[in-house]
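Structures given as structure tokens follow.
What follows is subunit A paired twice: with subunit B in the first complex and subunit C in the second.
Then we have the complex of A and B:
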């Protein structure tokens, strides 16, 4: 009967309940979206391999390293293989059509990144063609590219019009693998530079090192940096995770601001829900007093009020969670340029429901206390 | 009609006052009287005379400053809040001026409410509820919500709720105050019937002399003092 009272009371003022449920749902939806956005920002960090190291110039990533370092790195104990590359930062059509483009040493790069899955014949075609490139499945789909198509990028770091022939379309081993990037031969970049700007030739932006096992990663990183200490281009070697974290930390202030906003949204809906519950409880004080008169205790009255608050908040929470998935799908398909992978994690869903519970608990706290402790005579408002 | 049986309610030197800001307002002073089992007592008096406060004290929903109230041999002024709640559910039936039914529950569910605090099974509860609704002649409306019933019918549901647990006393605070003359007469006849056929003890607060006429005994309160009967 208590449960019946809770459910029926919750829908007594339908419009009020619907508006409150909608408010909680929108707040949970916003919270879920913002949390997902923050999570995505650190996705590169999470999907980093524990056996990969990145070596860059110790001063900054924008300063190059000599190509000659490659062999010296390869000889360091614990190093399994070495690849290298440059961030290219080309523009396709115009600035709005941004995607990652990198010049890589093809064969070693594909060995180092097994998560990029390429059909064997496409892999061979890419390796054989110096002007060839590969693109992620999502990127290829977005522009309707097929193997054999000519792709022209305008260089920003390396000026000029750069033409590539698409030789393969890779897909990610996991759903979170980056599928909106373009890779081409570092040799093509280097040979072109030798002609146009010889001073920039034979220099790489970064080295990627594959170590035998995660336990030796720290020792190898120290050994690499020790090798080039006091040289013209000192190195900074870190795990791929730390390297990605370095990128993410550049925008940490924005991420913190987004997190604060997500919590502010929850606090606002908490206040709104608390006001609704306080109003509801005030209207029903005489009913609570009547129940007390009949012998129902503070626990019963408290359960009725608190339960109603929880039902409304949880309904809003569940609705918000259910809305999160189509919203995330819409963002992923319509705003793929900015959010190529926008998937709501289970931990975000769990946090959404936990927050909905907290909203219900906080909103119901004061009305529950008030209803449970009301004096019967005051509640009945009858003093003869 | 012989209603002079052993007293079921014994009130001795009862006092009650309220604080209004820093001022003490005496509501009841030195009230002493007894109510016999099966008696239909009407408490009358002008507004603010303390009659509803007296009713609340007898019903155990308010606490006295001084004096004792014994109901069925139990001194309810010595009971704790929790003990009072248990005692009320077992011994007192309430009839309010505005019926005080739960609007989200059907007539059946409203009448069933006091039985939820007992150890009765679901089928036993159903039997009791149907019997109580039968007494007030509302078995055909048991699935109706209060909003689907007239004022008189709602008060009959409230009476069924009051008698369903077979309490020692029924307390009624202006039971006909919100009803038209015909419905009021109907309710009073029903209350008379409860006393006559089931030996129920009823204590009723009323302003209405016609309602008081149905009672076996009428006591008047004025400024918190019980006038000589």
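Then we have the complex of A and C:
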């Protein structure tokens, strides 16, 4: 009986209800998108492995480490394999077409990153060709690259025009794996530097260390840093996760702002929903008084009002969640350049619905109290 | 004949709770709108103020920032000998060969590292940058392990205050002074003697050469003579242009983000206003009928309801701008993706932003009130009077 009354009541002012539901849906949609955006920021942190360590110069990332450190790191107990590379930061066509490009020691790098899946013959072809490079699937699709194509990058850190031959296109083992990067041989970079600026040759930007098991990661990190203490190039070794987190936290202020804003949108819609309910309850004060005269208790009246508020905001919430998925898909396909991976997590959906409930509860609170406590005579006397 | 505007005002007053709720919803949207504009404006002001129009920055070709750049000593000497470089009061060229690197420093009260710019400067650096002045302590002695820190570094980073020490390059550096540089990016830098820093970091090359033009109009000529010189692999930019390029990506990001958020949020607020105004019309059917019977035309009714909605929007807008003005007290400190360096800037409120925000709130009020007002205006007199 109450349920029927709630639903009927909710749709008495059809236009107003539709508008409110639409408002809640938009807010939930916006909230879900913003949360996914923030999550995306920390994606690099999530997809990092627990058995990989990154060693870099302790002063900061822009300082290199000597190549001679490789063997010394390899001798440290607990180290399974070592790879190394340089951030290249090449520009393809112009600055707008940005993607990650790195020079890597090819064989050990591919072993260290099993999530980059490369067909065996392409892998062989890449390793054999010093001017070869590999690119992620999404990157190759974006520019229509095929194995054998010549790719020219303009170096920002290492001056000049650099030519590479695409030897393979890798796929990510998981959906979240970075598929928009280009890797080429560190040897190619180094040999060229030996000719053009010998001072910068035989220097690597970072070492990547694979440890035998996650438990020894902390010990190995300390052992590496101790080895090079008080040398010309002191090192800082951290897990890949901490390394990525360090990067993400440098732009934390902006992410915090987005998070605050995502809650502001909820407050806005709470105000709108509260307004709707306040108006609804005010118009129906006489009805509630009548119901009370008929013998319905305060609890009944309260439940009717509160239920109506919940129905409206939950409808909006569900609609918002349903809209989130096509919207995320649209962003993933249309704005692939900025957001190659835009997927809504289950926890976001859960939070969406929880917030819809909160909005309903808060919006219904005051009218419920008014309706439940109004005195019959006052209610009947009142003219809407 | 027009309905007096006090009619609209009083209607809002009669239904105070609803008015306050709707207006505060709009105020929040205007707040977000104004805040993003203020942030973008703050960033712009910071970077524009950082450069001087008459100064020229010379960096290696196709390196986008000083940090990536490298200028050989011999190349710097060639630039120094150009006739277009201005001469200072002491008879030496107004030119500074600088080294710029990033180091990791920890923010006070946290363990989180951030990239901070260390700039090795020479004699002419202060003369080239009139915005920079010492506010405490003294300049570092040439040839010593002394540095000075920008205001936001001194406040926010461990070891940045006067008398404190920072360790890098296997040496301890004592901070002997704090400088302020208006609203510029230099506030987030640490300065020291260029030769000492090059020693400490084992870098035999400069990062950039900065000089004042003898005559501002000679920029094109000096640019051409630097970039066409086969002994130089350098490019020249006006300092203002250089800093604007540095923040292009960040400014674009803030602009797109702000625009998207505002559009989505304003949809919510317009819906809120629409609900309120529809209810206002529905409650007053008889009243509208009476007004029409008294001889007020459709147009007057339309105007009265739209005016009511506009007033609603305006009060929300005023409230939102009022709240947003307090954001000027906060400073955002984040990493600039293009330089990888820490950059601090604050929200900045201008008359243009106030004006835009209020217009925006009026537009929201208008959009929310139009349909309900049309409905009120189109009611037939007889039916309206018959309604209970």
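Note that in this section the second predicted complex is superposed on the first by the 381 of 384 C-alpha atoms of A that agree within 3 Å, B and C clash if a C-alpha of one lies under 4 Å from a C-alpha of the other, contacts with A are read in each partner's own complex, and residues count from 1 in each chain.
In this text, contacts are C-beta pairs under 8 Å (C-beta built on N, C-alpha and C of every residue); 3 or more make two chains touch, one makes a residue touch a chain.
These numbers come from a predicted model, not from an experiment.
Aligning the shared subunit A places subunit B and subunit C next to each other free of steric conflict. Within the superposed three-chain model, A:194 lies out of touch with both subunit B and subunit C [touch as defined at top].
Within the superposed three-chain model, A:159 lies in touch with subunit C and out of touch with subunit B [touch as defined at top].
Between subunit B and subunit C, it is C that contacts the larger number of residues in subunit A. In the superposed model, A:213 makes contact with neither subunit B nor subunit C.
Of the two partner chains placed by the overlay, neither subunit B nor subunit C lies in contact with A:72.
In the superposed pair of complexes, A:226 makes contact with neither subunit B nor subunit C.
In the overlay built on the shared chain, the residue A:329 is in contact with neither subunit B nor subunit C. Measuring from the middle, so to speak, at the Cα centre of subunit A, the directions to subunit B and subunit C differ by 90 degrees in steps of 10. Of the two partner chains, subunit B is the only one that A:297 touches; subunit C does not reach it.
Superposed on chain A, the gap between subunit B and subunit C at their nearest CA atoms measures out to 11 angstrom in whole units.
Residues 384 of subunit A touch subunit B in one complex and subunit C in the other.
Within the complex formed with subunit B, the residues of subunit A that make contact are 1, 4-5, 8-9, 12, 286-287, 290-297, 375-377, 380, 382-384. On subunit B, the positions that touch subunit A within their shared complex are 18, 27, 45, 47-56, 59, 61-62, 82, 85-86, 88-90, 94, 96-97, 100, 102-105, 109, 112-114, 116-117, 161, 173, 205. Contact residues of subunit C toward subunit A in the complex are 17-18, 21-22, 24-25, 28-29, 31-32, 60-64, 67-68, 101-104, 112-115, 168-170, 201-202, 204, 233, 253, 257, 261, 264-265, 267-269, 271-272, 274-276, 278-279, 283, 332-335, 337, 340, 342. Only residues 15-16, 19-20, 22-23, 26-27, 29-30, 58-63, 89, 91, 95, 154-157, 159, 199, 230, 232, 234, 236, 246, 249-254, 257-258, 261, 264-265, 267-269, 271-272, 274-276, 278-279, 283, 384 of subunit A touch subunit C when the two sit together in their complex.
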